[in-house]
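Dumping the structure here so I can ask a few things about it.
All chains are identified by letter, namely A, B, C, D and E, in their written order; residue positions are counted from 1 within each chain.
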Amino acid sequence: QNRRFAGKTIRILTWSDDTGLAVLRNIAQTFEAQTGAKVIADRTGSTSEMVAKLKAGGNRPQYDVITLAGVGAVTLASAGLLEKPDLNQLPNLQSVDQRFRTGADGHGIGYLLWTGGMLYNTRTFKAAPTSYEEMWNPKYAKRVFLPPATWTDSLDTIVAAAKLTGGSATNVEGGFKKLAELKDRVLTFGENPTQIAELFRSNSLDIGAVYAPAFFAKELKDPNSGLGATYNLKEGFFADLMYTIVPKAHPGESSVIHAFLNHTLDPVVQGKMAEDVLNGPVNLKAVLSPEAQKSPFIIKPEQLGSTAVIHDKAVIAAVRDSWIKRYTQTFS
Amino acid sequence: MDKHLELRGIGKRFGTAEVLSGVDLSIARGEFVCLLGPSGCGKTTLLRIISGFESASSGQLLLDGQEINHVAPHLRGFGMVFQSLALFPHMTVAENIAYGLKLKGVAPAQRASRVEELLHMVQLPAIADRPVSALSGGQRQRVAIARALAVPPKLFLLDEPLSALDAQLRDSMQIELRQLQQQFGVTTIVVTHDQHEAMMLSDRLVVLKGGRVQQCDTPSHVYRKPANAFVAEFLGAANLLPGVVRGPGMVEVLGSTLALPSSLPAGSKVTLAVRSEDLRFEQAHLDAPARPNSISGEIDFLRDLGAKSELILRCGDERLRCHGSDAQFQSARCGQRVNVLIDAERCSVFAG
Amino acid sequence: MSYFHSGRLRLALLALPAIVLLLPFFLAVAFVLRFSFSAETQAIEGFSLGRYLGLLDPFFLRSVILTLKLAALSTVICLVLAVPVAMLMAAITQPIWRRIVTSLILLPMILNLLIQSYGWIMVLGPNGIINGVLLKLGLLDRPVQLLFNEIGVLVGLVQTALPLAVFPILGSMRAISGQYLEASASLGAKPWVSFRDITLPLLKPGLIGAASIVFAFNASAFAVPLLLGGRRVQTMGVAIRDMVSPMFDWGGAAAAGVTLIAITLATLMAATWLSTRSTQWQGAR
Amino acid sequence: MPSSTSQAGRGSFGWVMGTLAGLGLLIAALPVVIILIMSFSGGTNLDFPPQSLSLRWYGAAFDVLFGDKSEGTMSAFSAMSSSLIVGLVTMLASVSVCVPLSYAVVRSQGRWRHVAELLFTLPIVFPLVVLGVAYLLMTEALNRETGIDLGLFRLAIPHITLALPFVLRNCLSAMNGVGVDLEEAAMSLGASPLRAILHVVVPLMKPGIMAGLIFAFIISFNEFTVTFFMYTIDVRTLPIWMYSRTVSSLDPTTLAISTLIIALDVALIAWVDKIVAGKGSLF
Amino acid sequence: MDKHLELRGIGKRFGTAEVLSGVDLSIARGEFVCLLGPSGCGKTTLLRIISGFESASSGQLLLDGQEINHVAPHLRGFGMVFQSLALFPHMTVAENIAYGLKLKGVAPAQRASRVEELLHMVQLPAIADRPVSALSGGQRQRVAIARALAVPPKLFLLDEPLSALDAQLRDSMQIELRQLQQQFGVTTIVVTHDQHEAMMLSDRLVVLKGGRVQQCDTPSHVYRKPANAFVAEFLGAANLLPGVVRGPGMVEVLGSTLALPSSLPAGSKVTLAVRSEDLRFEQAHLDAPARPNSISGEIDFLRDLGAKSELILRCGDERLRCHGSDAQFQSARCGQRVNVLIDAERCSVFAG
């Protein structure tokens, strides 16, 4: 079993953020060590950039495995660019929560839970805010940030604003109106999490949402960072299932790919990823330290409860373009 | 005459501009010929046609009786010295001189000894390894000449080779160039616009104007018997004075009637060319009778130049330039009236 | 004909390899042009003006105006800074100083903008050097907003385009003989007057060249507005990028790109025409 | 120093010009200088000025480039080597076509000079994003239709496009200084026209050629936008690697690598300047 | 003397190089002074110190008795003509000439009439509206002069103003410049390295070498009584011959003993300077006794230059240049032995 893939290569595409880096550390390197395969990784930007690359590349084989947000998987699947993995070759899938095993019409394998809540400045807030409504408090004018339009978090933000005005994901008109009020109060759009952390540390920001605390694993442990995060919000927090997908035209061997997919779901790997970058593990048997068990920032499937908002990916994929456009126009 | 190079009816147009027309010229083996003329008269163009860098629009170019109009420049085997010298700045003196030998495939050892020999000839031993940028103007000049002569050329062509030098250096380079040419015995054509240089150098002068040959003869002959007023003026800062023939051998110039050799019918307009150094002046005595062959005028400008004095005389509307000895300068004053004596032997009369 | 002109074919042959290497670029231009008329947004398919009509919404028109404003402002500022820098560089005689100044002025070109933007954040940010100094001096009680708005973008545009402005001007500056300035001084002109009457008119070709490059470069900039504008400064460059990446409207991006180039070229032609017209008029005086 | 400065030193003119020049240099250099300083920071955050100084990030950079991890998934080594190879290809290709082109342009007596300069300036003013997409879609189309995989050339071709304007300018200005008379002199000594070019023109264009080579390399080595569209998982460059390390999480190692790149580029620029001795135009 | 400009001990160093040292000079109002010297002797530097574009390292500059060392150039009110002319290429002829007037705030109508007047003075009517690029060299020259004189300058400074012109044009511009200066009566300083030009133009010559004044006197005086061998050689292509004093008034030169004025003790080494035009030669008769004050030599080079003939004589290791009349040329041949007569009155003997 050991080093059975020596001499084989697998090419993966993942995010450029800390999660992507953690993928290299915790998944790619352990996979290399266990199987002898060589993992070549490309870490570039966001889901939409990945989709753009794959679409432009068409059926040109470049990547074997891609990790990306659900919306992207749906888009690519509907464009007919993805291959359906053979679930029988993924034994670890059995211990994955029923709800999160596959998606995008069977093209995507559930991989982790990405959750977005609210960030706040621990120096300004004695207690964590409990509603997205806080962002509209004039006190925080010019000290608020929002996620950038190109991220799925902006879609969450739209829904959150809609909920504040009594709307929902299917009725967002009020949400856009509400967001327009923030137009001149927003300091920046958090394209770069490091910059956001820096702005909190230098006391230039008070609050912002919807944004993933997962970006700030290090800062949330550091009392000097000034950064706090919360999921305890009246309107709920947002959870999104991230997928691993396999492009139709892939250069690598199917067996290696499946082994890699299976490896991403390994209980140890899932636990490490959760501890390292606060990812929500989908594997119910994920091995977590007692401390991590208690962490409010690692959202386990069983914790999703009623406050988690999980979008219907097909609906979001359909409205995505027009929402991004409206979001951009609202703020410029 | 052993014709070495022959030009037959060479003409050249650039677009609509006719720069050379009907140039005929025969050059003997070993002869030293100067092309002389004012700026823009086509000297450079003619030299470039000979060297092959321009092609003639009409006419024939013969070397030893063979037409060479269509031979490429690098196959003609003519040595050339450019006005800018065109020394290769990225090569040392020795490399510059040896370049032609190298192209011929001469072995390095032989090249070195030939370079040695040439540097000795141009009196520049021991600078072989310097970059050309470290040379003075006169030294560069000599290197350029040595380079052109390294592979003995069939013809030696030089375009204003000395014009970049200052007056004193030019003077001595002229003598050197002439002596080198005689040593090598190579047929040589030099372009210049400096009449002094042309006279210093050449066996034969070709005076050009507007792309046409005006006169072609030995320097002494061109100087003493200019073919027309242009040549007279161009060679030696002559005064050109308008006159009218009054009778056989009698020409009226500036109000005075002079006895001058002229076979034109009475009444015809002529131009009298007389050189400033051939005019001698003397104090005019208002009451004395007018001297024969003299013109009177008023001194307008007067300078002692050491070896001679320079005068400008105003005679009616004309200004006459003449040179006097320094003794004469002592007694002359601006505004003074003086007589100028004209030596009939030394001036030329042209129709028109 | 000179020996050298006669080889026209030879010269054409020598030029050929470069043309061949530039060919992909022209193909890309043609490709973009064709794509902009495509009926599909993600493939070249049929002919349609839809992509261009799609640009006619107020949002895109606002970004056109913003782009032109920022490009024009940054061009003016670049010229105001580049002329003195070029004067300094032309006056430097010691090689070591010349190398230092040349390197300094080229720095913006040799470092990834993303990384430079971190530097700018430390300078301009709410907690950056400038705000720190101003706060410490008591000139402010609250940090001024220098980043994530048009000011930040303008500073970034000026910085990145400065090298492109300095070198054409430096070329013209070197071509101006110092004797012109001495001549005007000998006629009684004060330094400012000499600068106005002699230096500036003689620099004109360099200034026009520099202004054209800076304007065109900044009109199409997208990295600077993206990084220093905090996504709030929606220039055409950013709009085009958004069309490419999250929205997958490649046809629209092509149409916007063609529009951007057309607007840039028209502006440059108008500016050049105006400036040469004023010269002719001057000459006719 | 001569009059220009002694005059500039007089009165308000000198002051204003000096101040503006200083401001210009400051604006150009400031962010980069700050990055340089930060690369020596001992901490992991972006406090400026850094609380403590250390070389730890240089150690990390060395690890990533050449150390144990240089072969692994975290490695920048392959990115750096493809950067170097693409840079070399770009510089050799662009210079070797620009030398004959500038010869042709200058020897055709300036008639084509304007046209050539204009054509070869277009890539500078073309929006890079659009160019990137266009190149990407074209390359993929080519691959789809013909199966041709350009390999490294999918980066080298756009890099050459972007380097050509700068290289051509350098070559043209070098070529300007080479008189026809030198070529004619070589021919009068028996060199064929081609040899005259090889023996005389090319050596004399050396400063421009060197400047062109180095500029092409610098441009290619630092190109990001078009590369971002064009790179593949197998052909990546150092700026892409650094991007992935900084776009959403700052890894101070990249600051150290940036500093090393700047040092390399500045050394190259100083070298070019030495070659052209302040006379050539770098653009 | 009405001292207009006075230089007291002017010195200038560039870094460690001492370019000028201890230059003292008084220039009278209306005087025309030429600074003459070989390349690099500091002429331009001195002129630039006077005009204020360089500052002196030491010494004082006084205008009408007032120190002006620290007055900015644009406040000095000196007219200047640069070697490159420095006509503003973006202005027409009229705009160039009127520029100084415009700076003075003169009304446009007056400016126009003054420009008219100046153009008339420099004999260039009707070119006011041309761009300067459309002018010939000589025309540019005149425009530059008109521009410098438009606002009557306190001092008129010219740096090699004619060196860019060809010989013939230079000749006539010299006369014109001198006449213009006299018309305006403006104190004028001209820099040149051409001794002929200096003698044509100036009331007083200042000969510089290595940053020091060698001689300062009228042209005639400098020519006839050079202060040292350098001045003698620089002014008029003199032959410098080494000699030894053999007794009172007796100098041995090239093996012949000549009677020459010299008060140096016997045995001292001297240099004899004698101009080529002051040497006359005659056929040597081998059997005849040696003539007094003559040197014999062999003709090495011989050319008829029309007005005179040029000879180079080889006397032992030395070469002697002399000019003969054309009559003498007829009878001379290369290789012939001839005697050269030296006129004691016309040569100078310097110690060393």
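The definition used in the following text is that a residue touches a chain if its C-beta (ideal position, glycine included) is under 8 Å from a C-beta of that chain, and two chains touch if they have at least 3 such contacts.
Heads up on the chains, UniProt names are B, E = ABC transporter ATP-binding protein; C, D = ABC transporter permease.
Bear in mind the structure is a predicted one, so any value in this text is a computation, not a measurement.
Student: Counting one step per pair of touching chains, how few steps separate subunit A from subunit E?
Tutor: Contact-graph shortest path, subunit A to subunit E, evaluates to 2.
Student: Fewest touch steps from subunit C to subunit D?
Tutor: 1
Student: Give the label of the chain whose average Cα location is farthest from that of subunit E.
Tutor: So the farthest one, by centre of C-alpha atoms, is A.
Student: Starting from the mean Cα coordinates of subunit A and subunit D, work out the distance between those two points in Å.
Tutor: 37
Student: Return the distance between the CA-based centres of subunit A and subunit B, expressed in whole Å.
Tutor: Taking the average C-alpha coordinate of subunit A and of subunit B, the gap between them is 90 Å.
Student: What whole-number Å value describes the gap between the mean CA coordinates of subunit B and subunit C?
Tutor: 56
Student: Determine the centre-to-centre distance between subunit B and subunit E, using the mean Cα coordinates as centres, and give it in whole Å.
Tutor: Whole-Å distance between the two chain centres: 25.
Student: Among the residues of subunit D, pick out those that touch two or more other chains and give their numbers.
Tutor: 2-3, 7, 10, 46, 133, 137, 193, 243, 246-247, 250
Student: Which subunit C residues touch at least two other chains?
Tutor: Within subunit C, the residues that touch at least two other chains are 4, 121, 182, 185, 190-191, 244.
Student: Which positions in subunit E touch two or more other chains at once?
Tutor: Counting only residues that touch two or more other chains, subunit E contributes 53, 72-73.
Student: Could you please specify the touching residues of subunit E with respect to subunit B in the complex?
Tutor: 39, 166-168, 171, 175, 178-179, 193-194, 196, 199-200, 219-220, 223-224, 235-237, 275, 277, 301, 303-307, 310, 312
Student: Show me the residue ranges of subunit A that touch subunit D in the complex, using the header's touch definition.
Tutor: Subunit A residues touching subunit D: 11, 13, 15-18, 20-21, 24-25, 28-29, 32, 39-45, 56-60, 62-63, 191-194, 198, 201, 215.
Student: Across the complex, what residues on subunit D touch subunit C?
Tutor: Going by the criterion above, the answer is residues 1-5, 7-8, 10-14, 16-21, 23-25, 27-35, 38, 46, 48, 93-94, 96-98, 100-101, 103-105, 107-109, 112, 116, 119-131, 133-135, 137-138, 157-158, 160-161, 164, 168, 180, 193, 218, 222, 224-225, 239, 242-243, 246-247, 250, 254-255, 258, 261-262, 265-266, 269-270, 273-274, 277-279, 281-283.
Student: In the complex, go through subunit D and note every residue touching subunit A.
Tutor: Contact set of subunit D toward subunit A: 45-46, 72-74, 133, 136-137, 140, 143-144, 228-229, 232-234, 236, 240, 243-251.
Student: In their shared complex, at which residues does subunit B touch subunit D?
Tutor: 51, 53, 72-75, 77-80, 82-84, 86-90, 99-100, 103-104, 147-148, 150-151, 157
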